[in-house]
Amino acid sequence: MILHQFNQPGVLDRHRQYLGKGDAILLIENAVFDHVLLDELEVAERYVLTTDLERRGLMLKSQAIQKLSVTEWVALAARAQQCISWS
Amino acid sequence: MILHQFNQPGVLDRHRQYLGKGDAILLIENAVFDHVLLDELEVAERYVLTTDLERRGLMLKSQAIQKLSVTEWVALAARAQQCISWS
Amino acid sequence: MKRLVFLIQTPMGASVEPQESLDAVLAGSAFANCALIFLGLGVTQLRRSERSDFRKDFNRGFRALSDFEIDDIFYCEAAARDHGLLDHELIVEARSLSPNAIRQQIIDAHAVMSF
Amino acid sequence: MKRLVFLIQTPMGASVEPQESLDAVLAGSAFANCALIFLGLGVTQLRRSERSDFRKDFNRGFRALSDFEIDDIFYCEAAARDHGLLDHELIVEARSLSPNAIRQQIIDAHAVMSF
Amino acid sequence: MQFSLLIQGSPTSSQSLYSAYEFANAALAQGHRIQRAFFYQDAVLIGNKLIATPQDEFDIQSAWQALGKAHQIPLVLCVASCLRRGILDDREAERFEKSATSIAETFEIGGLGQLIDASLESERLITFRP
Amino acid sequence: MQFSLLIQGSPTSSQSLYSAYEFANAALAQGHRIQRAFFYQDAVLIGNKLIATPQDEFDIQSAWQALGKAHQIPLVLCVASCLRRGILDDREAERFEKSATSIAETFEIGGLGQLIDASLESERLITFRP
C-alpha cells in the first residue's frame, strides 16, 4: 500500500493516475478544500485530516471518506510501504 | 481597459468571469505555461511576456496571442485604467 | 476620500497571508474608503472555524473590521457556490456580488491591491 | 546499494526549487542508486531554454547528472503530453514512463523524496 | 507617469522580486517614475544582509540596492512582516532584545501607512504576487 | 518505528512546519522515534533567531526547539539553503565575511548528506511540501 499525501488544492486530478488499488489517499493542509473530489476515487482508501478540516471550518459530506486524527495519520504512514507527498 | 496579470499556472479559468470586453490579459512567470488556454478568451487582448516564455523554452503557437517585451508591459500598464494581479 | 479595493484570493489556513492582508486593509481604513472583496479560494476565509491553534484567531481579526468602520465586505457569489459556502457559515456580515459587479468595483476604485 | 527515487513536480522558472532538488539528487548519488522522475508540472524542467539570466544555468546543472553517473532519468509520458514536451526539446536524455511504471518505481524504492 | 510597486513573493520561492525589478528598470528607462517599492510578506526577505548568494547566480538583492540608489527609490520593508521573519534594524533589535540586526543597506523599515500612501498618491500600483 | 522528516515549506507561507510538528509529536507519543528532522529550502527560515513572533500567535520556532531538546532530535538546516536565505552560524558568518550570525539555538547546520543518510537509514521518510 502506498500512502499518497496531498497538501495543495487543485492537484488531486493531476496525480490520480499514479493511484493503485488498495492505496490510501490523505488530504492535509489546504488540500482538504478538495474533499468532495475524493468521492469518485473509489480505488483507494480515502482520508482527510480532522484538524485541518476544523481549522477551515469544513465538514465532510460523504460517508465513504474517513476523518483521521494525527495519531491515526502516523499509524497509516507506518502501515504504508511508501509515503508520497504530491503537490 | 483593465489589465489582468496572471503569474501562476492553472488559475486563468478561475478568474475569466471578471474579464470585460476590451480588457487585456498578460501572462507572466509560471502563468506562461497556460498560453495555449488564451486561445478561447477572444473577448480580451491577449499577451504573454517574451522573457518569461524564453526562460521556459516555450514558443507561442497561436497567431491571436502577442508576445510582449517588458518595455511594452510598462506601456500597457500605463495605458490601463487599472492593473489587477490574479493568482 | 479615495476608494481602495482589496481583492482577497488566498485560502484560509496554511499561510499568514490572510492575516497580513487584513492588516493592510485596516491600515488603509485610516486614509481611504476601503472595500474588501473575497473571491476564488479567498472566499474560504469567510467560513467560521472553531479551531485557530496555529494561526491568529480570525474571529477576532474580522471583528476588527467593524471597529475600523469597514462595512464594504463583499464576496463573489460564483466562488462561494464553488466552495459550498453558506450564509449561516459566514464569520462576518458580507454581501455577495456578481462577477460583473466586482468588475465595476474594480473600475471605480482609485487603486486595487491583490492578496 | 539502496534505491532512492526523487519525484520532481515543481515547474521550471520561478523558484530556486528546481536547483535545490537537483542538488539533493547529486548528493544522493554518492550513497545510493538514484532515479529522477519528472511528472506533473515538473516535466517543464526538461525543456531546453536559451535564457537563464535570473536562475542558475540549467543546461549546466543537468550535465552534472551524467558526471555523477545518474542515468535513470525518467518522465511521465502523460505529463509530457499535457505540456506539449517534444523529444527534441529535451535538455537531457530521459526516458518516458507510463503512470503504472512510475508506480512500480515508487514501490521498488527504499525511499522517495518529493520536490 | 508615477508608479508604485507592491511586492509580495519570496526571493527564493517566487519570481516576484525579479519581475518587479525588470518592470522597474523598464519603467525608468521610459522616463516614468517609481515612487516607492513596498516589500510585503515574504518579499521582505530580500532585505536580509546575511544572504550569501552563490557566485554563479544573479544577485537580486544587490540589483535592487543598485536600482534604489541610482534612482532614489525608497525600498520599504513592512515592519510587521520583518519582525515575523527576523529582518531587524537597530531600533527593532533593541526593542525585541535581539542580539543582532539583519537589514541590508539601502532598504528601510516602514509601516503599512507607506503602502497605503503609495497606492493613493501614485498613478498606478502594480502588485507582484508570490 | 524510525521516522525521518524532510520539511520544505516556509514558516510563513506554508503549513509544512506546523504539520511536521504535529506529526512528530504524535509519532513520539506512540513510541516511534524521529531520527532526524531535515529542514530544506524555505523551511530553513525557521532557524532564524531574530524572528519576533507576535505574542498572541503560536510560536512554531520555540515549539520545534522544545521538541528537539526533549527528545534529542537533531534539527538540521541544510547549509546551502541557509546561505541563500541568510541563516548563518559562526563558521559560515566568518567564511562569508558577514557581520552577524542568525541561527537559533537547538538548530544545527548540516549538509545534504544528512538528508540522504536519513532517507537511507530510517524506515519511513515523510516529506512535508511547501
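Every chain is named by a letter (A, B, C, D, E and F) in the order it is written, and numbering of its residues begins at 1.
Just so we're on the same page, a residue touches a chain if its C-beta (ideal position, glycine included) is under 8 Å from a C-beta of that chain, and two chains touch if they have at least 3 such contacts.
This one's a predicted model, so the numbers in the text were calculated from it and none came from an experiment.
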Neighbouring chains common to chain E and chain F, by label: C, D
Minimum number of chain-to-chain touching steps separating chain C from chain E: 1
So which chain is the furthest away from chain D, centre to centre on CA atoms? C
Can you check which chain pair, A-D or D-E, has more C-beta pairs in contact? A-D
Between copies chain A and chain B, what's the superposition rotation on C-alpha atoms, in steps of 5 degrees? 180
Go ahead and note the Å separation of the Cα centroids belonging to chain C and chain F. 33
Centroid from C-alpha atoms only, then distance chain A to chain B, rounded to Å. What do you get? 34
Chain A-chain C separation of Cα centroids, rounded to whole Å: 29
Distance from the CA centroid of chain C to that of chain D, rounded to the nearest Å? 40
Note: chain E residues in touch with at least two other chains are 12-15, 41, 54, 84, 125, 127, 129-130
Note: chain A residues in touch with at least two other chains are 7, 29-30, 51-52, 83-87
Listing for chain C: what residues touch at least two other chains? 13-14, 16-17, 53-55, 111-112, 114
Here the pairs of chains that touch are A-C, A-D, A-F, B-C, B-D, B-E, C-E, C-F, D-E, D-F, E-F
Per the contact definition, I'd like the list of chain E residues that touch chain D in the complex. 12-15, 18, 54, 56-58, 60
Residue numbers on chain F that touch chain A, as the complex places them: 1, 3, 14-16, 19, 22-23, 25-27, 29-30, 32, 124-130
Using the touch definition from the top, list the residues of chain A that touch chain D in their complex. 2, 11, 14-15, 17-18, 20, 81-87
Touching residues on chain F, where the partner in the complex is chain D: 6, 8, 40-41, 80-81, 84, 111-113, 115-117, 119-120, 125, 127, 129-130
For a test of understanding, state which residues of chain D touch chain F in their complex under the given definition. 2, 4, 16-17, 20, 23-24, 27-28, 30-32, 110-115
